[in-house]
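Comments concern the structure below.
Chain nomenclature is as follows: A, B, C, D and E, assigned in order of appearance, with residue numbering initiated at 1 for each chain independently.
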Amino acid sequence: MNKLLTVSPSPHIYGKDTTPNLMYGVIIALIPAILASILYFGWGSVIVISVAVISSVLFEFLIQRFLLQKKTTIQDGSAVITGLLLSLCLPSNFPVSLIILGSLFAIGVGKLSFGGLGNNPFNPALVGRVFLFISFPAKMTSWPEAKGFQTQFIDASTGATPLNIIKEGLGKGDSISHLMDKIPTYQQLFFGNMGGSIGEVAAVALILGLAYLLLRKIITWHIPVSIILTVVIFTGILWLVNPAQNADPLFHILSGGILLGAIFMATDYVTSPMTSKGMILYGICIGILTVVIRRFGSYPEGVQFAILIMNGFVPLINYYIKPKRFGEEVKNG
Amino acid sequence: MSSILITILFLSSIGIVAAIILYLFAQKFKVLENPIIYDVEDALPAANCGGCGYPGCRNFAEACVNSDSLDDLYCPVGGQETMDIVANLLGKEAKQTDPRVAVIRCSGSFKNRPRTNHYDGASSCAVASALYVGDTDCPVGCLNMDDCVEVCEFEAIYMNRKTGLPVVIDEKCTACGACVKACPRDIIELRKRNKKDRQIFVSCINKEKGGIATKYCSVACIGCTKCFKVCEFEAIIMGNNLAFIDSDMCALCRRCVPECPTDAILEINFQPVRTKTDKENKTASDKISEKVKADIKE
Amino acid sequence: MAKKESSFVNMVITLFVITLTASIALGFAYEFTKAPIAVAKHAAKMKAINEVLPEFNNLPNEEIYKKAIDNDTLYFYPAREDNKLVGTAIETFTNKGFSGNIKLMVGILPDGSINDIVVLEHKETPGLGDKMSKSKSDFSLQFQGINPENFDLSVKNDGGDVDAITASTISSRAYCDAVNRAYNAYLKGGKK
Amino acid sequence: MNQWKNFNKGFFRENAVFVLYLGLCPILGVTTSVINGVGMGLATTFVLLMSNIVVTLVKSFIPDKVRIPSFIVIIASFVTIVELLMQAYLPSLFNELGLFIPLIVVNCLVLGRAEAFASKNTFTSSVVDGLGMGLGFTMALFFLGGVREILGSGSFLGFKFIPGDGILLFILAPGAFITLGYLIMLMNKINKKTA
Amino acid sequence: MRINQALKTYKRGGIHPAEYKLTDKSPVQILPLPEQVTILLSQHIGVPAIPVVSKGDTVKVGQLIGHGKGFVSANIHSSVSGKVVKIDSLPDLTGYKKPAVVIEVEGDEWEENIIQSTDLKEDITLSEDEILEKIRESGIVGLGGAAFPSHVKLILPKNKKAEALIINGVECEPYLTSDHRLMLEYGEEMMVGIRILMKVLNVRKAMIGIENNKADAIYHLTDIASKFPGIEVYPLKVKYPQGSEKQLIKALTGREVPSLKLPVDVGVIVHNVSTAYAIYEAVQKNKPLINRIITVSGKSLKKPSNFVVRIGTPIQFLIEAAGGLPENTGKVISGGLMMGKAFNSLDVPVIKGMSGILVLPEDETKRKTIEPCIRCSKCVTVCPMGLEPYLLMPLTQDGNFYRLEKEMVLDCLECGSCSYICPANRPLLDYIRLGKTDVNKIIRERR
């Protein structure tokens, strides 16, 4: 026999999951949200999404190929996800040059500076988004209204997001019941007919994405459910204590980026805890921080900051929260 | 002018009070640690390689200060020079030790050692060695998966991809022994450093009988004792079908080299090239050391 | 070089000598720079007063008067052209800034309208809140020539007439607060 | 000892900011523009140089136990003198840097050099070291301030060449950290090449 | 045919690899004798046996050739009759050399006291001590794969008492069907074996755990179990690695064996079905462990089958009997796909713990390129022991053994679920296994 036998340590078969597989799964789960954004914001959202995705992939390629002189990893799809998630939390009239800058920051600083996929402590898309938010606050807080499909990119009429309305109204001393007349109905909120960043408006599309992710077992329920439940409980308590000053839980869930954050950003593999117990703790902390920032902070929305802050705590959570080892519970008898 | 006076009065009194307080504290909490530890630590190379057997240079310094004699303590990186300084600092005798260098005692290159199967696991000698015998039938030969290269703090070992054997860059090797510990096959040996880094050693540690050994590897030591017979310095020890040249005894006379029927005895950094395997190894290592030198110059 | 031993006398004497030398040096430096510092401070203030008021030929800081308001003191610098009051510069402040106090110099004309405003001191975020400085943006220009009697000195978000600096409502709000404080003090007897 | 080598060590090879990571607090605070950075750098250089000189002159008279208090007094005196001088003759720069000038006292760079170098070396070496370290510090602040000013406000030395707002993040504290990180990375790369 | 009822299983972790039970319908065939057998003297965990024959001796089937000295060791018997031609060191399946006896086959002459008839002998006449002695003499080891000497397992520590006997018929590895066929074809003998074990251990209850992809075996055994009081059959959900002792105990009794403790600490003893059968043969028929059932399988093989094989038969011989080695063979594995070891050459003999030989084509054997860990936490989710493989691998690479021990690396079953599931193709188990060895070494040094 002239052919050499192969020897390797066990196991000798492998599952079907691969990194690109999982990444493309997330992209598929994002399709409803992308479609919804195009439906509501038209060309603006098409431009924002395509620019962000293309520039993210391009920057990953260029930096890896020429600056780091490593093998490029654009085919694993993680750069596409970064671009998509970044674009989904931008307003539809965001200038193209700044989107490119945001992608560069997300990929270059948020991801590759730390050693690329698997080593970044913070979610790169959120790093990019927070960078843009801090650097260009004016452009990041003018939200075009969702008006159905439209062809022009820069829309003159901008409006406030529901959360903005509430925040500023409360600042002026209005009561919630009065402010609720100014914001869209729950039905509109659910289907996404409101001002906001392109990806976060349509709750129904995001929930469809969540269902897909759970069905394909790409993520587990722990993070999204614990974030959303915490927000519901926390805002519910505030609401019950003082309904004049606090919006109800349903409003909080449907408005702003909680769903997008809880389903797609907090669940990012690299930057979330490894154990289910850790995931639940992480989710609860994100929920609490979000509500605290929304209600008591100076920004109307806080999901991004909450997730980034908790990203920083993930190594600590991983160190202290261990899975339940086999043999820990000893039954007598 | 009053402001000047106030400043002077105020600051000076603070100075005096502070000095008194400091003095009292210094009396109360006298330093317990021997300050000479710092001096010893300063004299060490601060590589923290662990070659001395202690976790770091600081621990080694403590050990030097606390022990009665320096006989068991040796810093392989700093070498004799450093140990002399340390001994001087402590007023103790440093044991005279020769500088050493690592050598790879395997010549089982791809050409010399036929592969009998193909390994497809994690790229680590330790993993492969724990799993099975290796790509060839030789149970002690080099597994060529870079464990020694990765562990070297001084970039003194690299893997020659053509032969599949690691090569030690003599100039950079500090004989810290990290590779010796890392090698699951115990191929690497620390030998006495000779003039111009010359070295003669048996490049095989296979203890099988000659017939079996040569089946695995064409340059295996077959324990024929030819070299043993020719050596005038009693530097060659035979045992378990294997010859071993004691580097402390060897006079580098090179008489044993041509005797070896399987070319298992290697000579490094000697003038003319003699044997086939030697050529292969030598030219490769020479090229690299030249390249390294060029790199340094840049 | 042998170090001195850490004995009691050594320690006390060393530290004493060092502090003594240092204090002498410091005292002289202080004396030496006292006058230039005062001059520099005065020049800065005068420059601001000059900027916020129309032409005058008296020395406003010699006619300075104060008024206590909100547990602090506002300084008034009346300016006269040939003994006729042409305006009052008011050094005002607010502690509602995004990061710390803001000090402004507000020039108010005798008819109660604002002539000009200059920022004396602030620690606002560069690029955002610091746009209140005249050199950085046109924000402060909107106050020129308005009379707070018929102009609500609060940002539009709060129902006022002031266009806030984009994305730094808090700094704008603080700015308005300081101007308001100066104007109210001016009305409540600051008018002389 | 070769004094040029000594200077270069402080200026480049063991640069206080990029290699030793000393005195980062004032650095991150003041480098929003080139002028601020260089001003701070020169002030620090002056203090460093003077304290090095004085420390090296008096080192043999100071008992070990009061070493640090003595050094601190010396440094603090020079810092106060710088502060007073700046207030008197450079009021506009003082306005910008005011808060950070007193902080030079606790800049570990100054005390660190006094303790680690000046108290052990000769007069000339200490002067050269002080100059090298101080100018290296100034250079680092120049680059940091330059990058942050260009990116953050689109201007250089106050001259605006990009219309509109810059990237705000670089003016803010996180921008300082990020810029510093990348400059350190660059420095390491250069150092490795020349090593 | 699957059983639909509330099935027992363990809760934490586990995976579902494809089953590929190609041979579950093929009856066990008796393999003809090879020309020469190589019987390794170290086929079990523990001290190798010492040869008691010398070159040139003539031996009979069942004759003692290696004496297991020491507490944890096992006797080795000749599996054929013939002449001892060599006593030497020969490579086992790791390629490292082990002492072995090579016997040239001459006829098939059995030791006189071995009862060769296949009649079922139900009465257990021997006393407990006699049974134990018999098991020890016959060189019985755990036939599930670990090859731990069985008599050692049956001697309980003084202050411990077993409450139940668990018989492992799970066979959760893909391809393997040797236990399945044994349960179907030698069910009654096995039951008697279980009764013997119960007598030795002095327990009233024995539970047979079988995964419900072997429904015919479950029905068959449930049927005959009615004749044997105290023995019950429990169908289990299909889940890998249910065949692991700790997981099986958890599934059947709900008890968890604490870290670094033995099953007897929670009052149970686990034996494999094949071991039970071997014990029946040893006790009732005086037959030492000289043959076993081995599944030879693989998608590319012409005739995948189950064979009764004499210990020491060369692997090459077995593969020839199953249709020869296919052209595109990349890997040959001893044992299951998940935990088995790959052969580096086919000149290796069958040993007691070998339950199957799998032939994999080339395209299935290639490992994919290792990518960076994306921290997807799938390895943590599937680990049946609640460990964190993603962490253990870099800890091993860094040599951080103190932390490794703290992270309970010694609890690892080496089931391979983590490497199986990893989307980045990381060799998690390769390194964890190394970490285990290293930590063990350190613990030994500490003593």
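Quick notes on this structure:
Note that in this section contacts are C-beta pairs under 8 Å (C-beta built on N, C-alpha and C of every residue); 3 or more make two chains touch, one makes a residue touch a chain.
All figures in this text were calculated on a predicted structure; none of them were measured in a lab.
Where touching is counted per the definition, the chains common to chain B and chain C are A, D. Within the contact network of the assembly, the step distance from chain A to chain D comes to 1.
Shared contact partners of chain B and chain D are A, C. The innermost chain, defined by the distance from its C-alpha mean to the mean of all protein C-alpha atoms, is A.
No other pair of chains shares as many C-beta contacts as A-E. The geometric centre of chain B is 44 Å away from that of chain E, both derived from CA atoms.
Annotation: 49 Å between the Cα-based centres of chain A and chain E. Centre-to-centre, using mean CA coordinates, chain A is 51 Å away from chain B. For chain E, residues touching at least two other chains, in rising order: 341-342, 344-345, 365-367, 427, 430, 433. Residues of chain D in contact with at least two other chains: 65-66, 69, 73, 165, 168, 172.
Contact of a single residue of chain A with at least two other chains is seen at positions 5-9, 137.
A complete list of chain pairs in contact reads A-B, A-C, A-D, A-E, B-C, B-D, B-E, C-D.
Within the complex, the chain E residues that touch chain B are 91, 93-97, 341-342, 344-345, 365-367, 397, 427, 430-431, 433-434, 437.
The touching residues of chain E, when paired with chain A in their complex, are 12, 15, 17-18, 174, 246, 250, 254-259, 261, 266, 325, 329-333, 337-346, 358, 360, 362, 364-368, 371-378, 380-381, 383-388, 390-391, 407-408, 411, 414, 416, 419-425, 427, 429-430, 433. Residues 1, 3-5, 7-12, 14-16, 18-20, 22-23, 26 of chain B touch chain C in their complex. Listed in rising order, the residues of chain D touching chain B in the complex are 65-66, 69, 73. Interface residues of chain B, counted against chain A in their complex, comprise 115-122, 127, 131-132.
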